[in-house]
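In what comes next, subunit A is part of two complexes: it sits with subunit B in the first one and with subunit C in the second one.
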Partner chain A sequence: MAGQVATGSRSGLRSALPLLLPAYLWLTVAIFLPLSAMVFFSFMTELPLAGKAWAFTLANYTTFFSQGLYWTLLLASLRLGLEVTLWCVVIGYPAAYVLAKVLKGRSREAIFLLVILPFWSNGLVRIFSWAMVLREGGILDTALNAVLPFKINIDLMYSYPAVIIGLVHSYVPYMVLTCYLTLQAIDDSLIEAGRSLGASRLQMLRRVIIPLSMPGLVAGAALIFVPVVGSFMEPRILGGRTGTFYGTVIEDQFVAVFNWPLGAALSFILLAVVLVILALASPVLKRAA
Partner chain B sequence: MATTRILEWLGRLYIWLLLAFLYLPIIIMALMSFNVSPFYQLPFEWTTEWYASLWQNDQLISATWNSLEIAIITTIICVVLGAAASLALFRYEFRGKKFLQALLFPPIAIPWLITGTAMLIFFFGVGIGRGLFAILLGHVALALPYVIVVVSARLQTFVPELEEAARSLGANQWQVTSRVTLPWIMPGVIAGGLFAFAVSFDQFVVSYFLSTPGQTTLPVEIYAAIRKGFTPEINAVSTIIIVVSMALMLLTARFFKFGGEK
Partner chain C sequence: MRMPKLTAFLTATAVVTSALTLAATAAEVHVLNWKGYGADEPWAIAAFEKATGNKVVNDFFNSEQEMLTKLRTNPGLYDVVMINAAFNDQAMAEKLIQPIDVSKIPNYADISPDKAGSPMLARDGKVYGVPWVWGLTALAINEKAFETPPTSITEMWNEAHKGRVVIRDDAVEAVQFGAIATGQNINDIKHMEAVKAKLTSLMPQIKTFWSSENDWNQMVASNQIDIGTYWSGSADRAKTHFKLPVALVIPQEGAVAWLDAFSIPVGAKNVAGAEAFINYMIDPSFYVEWVTKVGAPVSANTKAVAALPEDAFNRKVMGDPDVAKRIQFQAPITDAQREAYLALWQELKVNVK
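After this line comes the complex of A and B, so read on.
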């Protein structure tokens, strides 16, 4: 009998189904059906609510392709994503290297935790905290004027750099985390061997360390680029009037203009862009796994 | 070797600079929440006035209760559904298993702006509408994949022979699960639960699209207040949130490590 139960439990969807069904049903209702509905609605003239007349149309998509505004904004968001990702690489990769290869033992653990800790606190609140640092008469302004002999006005608030700073602050822990994981896996003796064969530090970095940590870099870049392209709260708070991006326009369609079909089309175009990016990144990630 | 030492020293310095960059705005916000001037003017004068006035702010208080309620219910549902699904994915072999596992990634990888607006459209279309129930539906869906990933990671360290040993000693399927398997995955379940709580409690984007003026969560309320203008009360409540969620993450890290060692 016992053997029968054991073999029975190793096979079959039938035993797995009752355990799987609730979770996947929930995901279907709250994620997969909504995403499909969004695609459907994006081809409609009106939402089919309260007996409104609606028809199928391509107008929402032709709006995107014919009006330069949406194109420009999508490009601006892609550029924002690229810039933030680059800054995260520049700032995060060296930090990950120091964590993985210089620090040891308990201090490594403690600092690693300190780096990823803010990441799990409220993103909105962290963006808001920059407002106090960046505004005129804010901390940065006051501190610089206290140190410098001449008077300067620092008012970065409501500017493009403010958006960049806030987003890099939000997402750099991702890059440190993913790079740290791949860098840590590189065997120290490999580095020693290369060095003893006469490779300079720079050569080691270029020929060995960076290629081996590429999966971490790509994973980090994808994890940062994708949400930044779809960001709207950060540009709104830190960018003010200059903070109009693709994400904020989608937000407007849903909460201000109430053109939901257009909003759905814009969201779906963003989803397509995101999927292309993830598809491009996946070969590098698969090679690592 | 002198260069090595200098480089190492520079590396350490660099890490501390990064930590300063990460924590400075948060520390300044916390300090300003104790400052008399509502416009963040220096010199600094100590007050707890803003924390006191939080208690008078009914809107913020009711939003906080909503956030806590939703986060707790989300955690319970996610832990139960997530642990069940992880067990099934671990224990059984069947066709389409890889596909089911791959399905966990879209909710994590797709920007919340897209998921949130899609939920808004769909819930409106099928008559669920907006409000706290819709927010709960959304939060569970967002947090569930994280819980399944975390619990599955813990299950990787499980030895299936333990279950067989228990069976050969006469335990039935329910006893095997409750006395052998569940205790083993408990650290993963607790870590997953803390993740779920954090995902829900900090969630802004999806809640934003699904909330109505009366039925809203704390982050949505904070966003509305920020857009109206800076208020020192928001500093105070933000500081509380940051401290609570960091404490929660420290707890999670403890359980994670606990999971990794044993």
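After this line comes the complex of A and C, so read on.
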């Protein structure tokens, strides 16, 4: 049996090769080569432009460890990643459950469309729309004051909550989609069986639904956590003076001072830290999943 | 069956491209400048093309570093490049720009002697940059927040404006602003600690860090800010063309001045066209139209400024000899300084969190 599977997969690989080739060729050219170049840059003293002298160095990496600034920022970014992921779970998971188990037919399609909609608009447009909503005298402020009997002053713009709101809005569809897929795959008869055996709603959720949909939660969390830790656009526009994060510092190195080697080194340190976190978390997550 | 079609298509593309290239070599002027900064105004390009027969092709940069990189990596592509005088030295040292024969640029004679004679633009008796416009990084106020405009830079630290102050997210500008606030020479900062302390005490006042004119104007339009650092040309545009309650303040402590100049890159294919374009850019007719239609910094050409109405901001305020005494022109900055400034600026931004 095992031998059969092995030969089967080998010949399968050969016939699959033409199908895989375009994707891998594209990945090699568009991702692997530039990324290797960046690794190379991160060990250089200077970009080799216009015949400038350069040498190999570890200085770009040691800069990270010698300056407390980068640690502080990295921790702030990791915290941001965790908070955004958490809010995405809180908001996205119930929505995914309703989509998968409660709604059917047309209404499901309509709600699904609303979830996907943010994906179809440009990220910058979304952020600037939030800017209009969140600022003092903005849409939220005006609307609440029009309804409420007392005067409140809402100015969330240029603050940490504004960054969280913007990022959660951008990333919650990932959580909804991944959770929806796993929740939909749960056999309804399992739920009925649990009910008939007298499980309460909370027990059902804790013992049956969450464990079975764990792969979706984990995948969604990873999909959200990694880009949020490196995000720079949302913090810069919505965060105001509190909007300095690890990602914005990397952007500064590339754009403002043209120090690509340091920018590349900082990026790879981030990549390493994220990989370590995912590796450390993987046994726990695997057990859970 | 598909191959011949593809071949035909490729041949057609090749023919069209080569035809375009041929037309291009006839008379094209490739210009590298900030976007929306005079040289790409459609009416200006049309007028220039009609007058000289040269076709203008614009390309843009978003930072001085990007501009230098574009020159380094595309030798021979550009005919004209706009360089902040503080960066002219670096471009010349890297042999990216060539000496300019100013006798081919008739309007050069009208450039004010202090600008034309700037040591940043000439070396060994050769001219490497033709001064175009200059301006200030000073303060601007939201007129709704002030009965009488402030005169001192210390207004930025006034408790009354807490959370309604903005400053540009630019390390060099921030550090030089701090130097002025602590009474130092922006090009020779002796007490960096004083600058750091001064900027640290400014941080709690800040609402956000702006990065574009649009940021600034929107915050004033929605009455979110009182005062902040701003560029003179932008304040002019905000007031005259967007009708916003914005007024420029040149504090008694001084302001940072910058000078923008045109240069001709090494290997430019159309030097004659480049000279004609630079001549047009410093011409009074172009300048007056630019100021009236769009709003602009101050021309380096004395005749161009004189062609403005008496009470025009760029003539009355910026031309005031009293102002000239207070301002400090930016000199070149080394890479090491720039990185040190950025480190300081990032530290300030992180500590505020």
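Rule of thumb we're sticking to: the second predicted complex is superposed on the first by the 245 of 289 C-alpha atoms of A that agree within 3 Å, B and C clash if a C-alpha of one lies under 4 Å from a C-alpha of the other, contacts with A are read in each partner's own complex, and residues count from 1 in each chain.
To be clear about the criterion, a residue touches a chain if its C-beta (ideal position, glycine included) is under 8 Å from a C-beta of that chain, and two chains touch if they have at least 3 such contacts.
Because the structure is predicted, anything quoted here is derived from the model rather than measured.
In the superposition on chain A, no contact is made by A:148 with either subunit B or subunit C.
In the superposition on chain A, contact of A:120 is made with subunit B only, not with subunit C.
Of the two partner chains placed by superposition, A:202 touches none, neither subunit B nor subunit C. Of the two partner chains placed by superposition, only subunit B is touched by A:267; subunit C is not. Applying the stated contact rule after C-alpha superposition, one finds that A:251 touches subunit B and leaves subunit C untouched. In the superposed pair of complexes, A:55 makes contact with neither subunit B nor subunit C.
In the superposed model, A:72 makes contact with subunit C only, not with subunit B. More residues of subunit A are in touch with B than with the other of subunit B and subunit C. Look at A:279: by the touch rule set out above, it reaches neither subunit B nor subunit C.
Overlap of the subunit B and subunit C interfaces on subunit A: residues 49, 135, 137-138, 236, 255. Here subunit B touches subunit A in the complex through residues 8, 11-12, 14-15, 18-19, 21-26, 28-29, 32, 39-42, 77, 80-82, 84-85, 87-89, 91-96, 100, 103-104, 106-107, 109-115, 117-125, 137-138, 140-141, 144-145, 148, 164, 167-168, 173, 198, 201-202, 204-205, 208-209, 219, 222-223, 226-227, 230, 234-235, 238, 241-242, 245-246, 248-250, 252-253, going by the rule given at the top. Within the complex, the subunit A residues that touch subunit B are 2, 5-6, 9-13, 15-17, 19-20, 22-24, 26-27, 29-35, 37-38, 41, 47-49, 91, 94-95, 97-99, 102-103, 111, 113-115, 117-118, 120-126, 128-133, 135, 137-139, 142, 169, 172-173, 176, 226-227, 229-233, 236-237, 247, 250-251, 254-255, 260, 263-264, 267, 270-271, 274, 278.
Looking at the complex, you find that subunit A touches subunit C at residues 49-50, 67, 69, 72-73, 76, 135-138, 157-158, 236, 239-244, 249, 252, 255-259.
Subunit C meets subunit A in the complex at residues 62-63, 65-66, 69, 72-73, 94, 96, 169-171, 203, 206-209, 211, 222-224, 335, 338-339, 342-343, 346-347, 349-350, 352-353.
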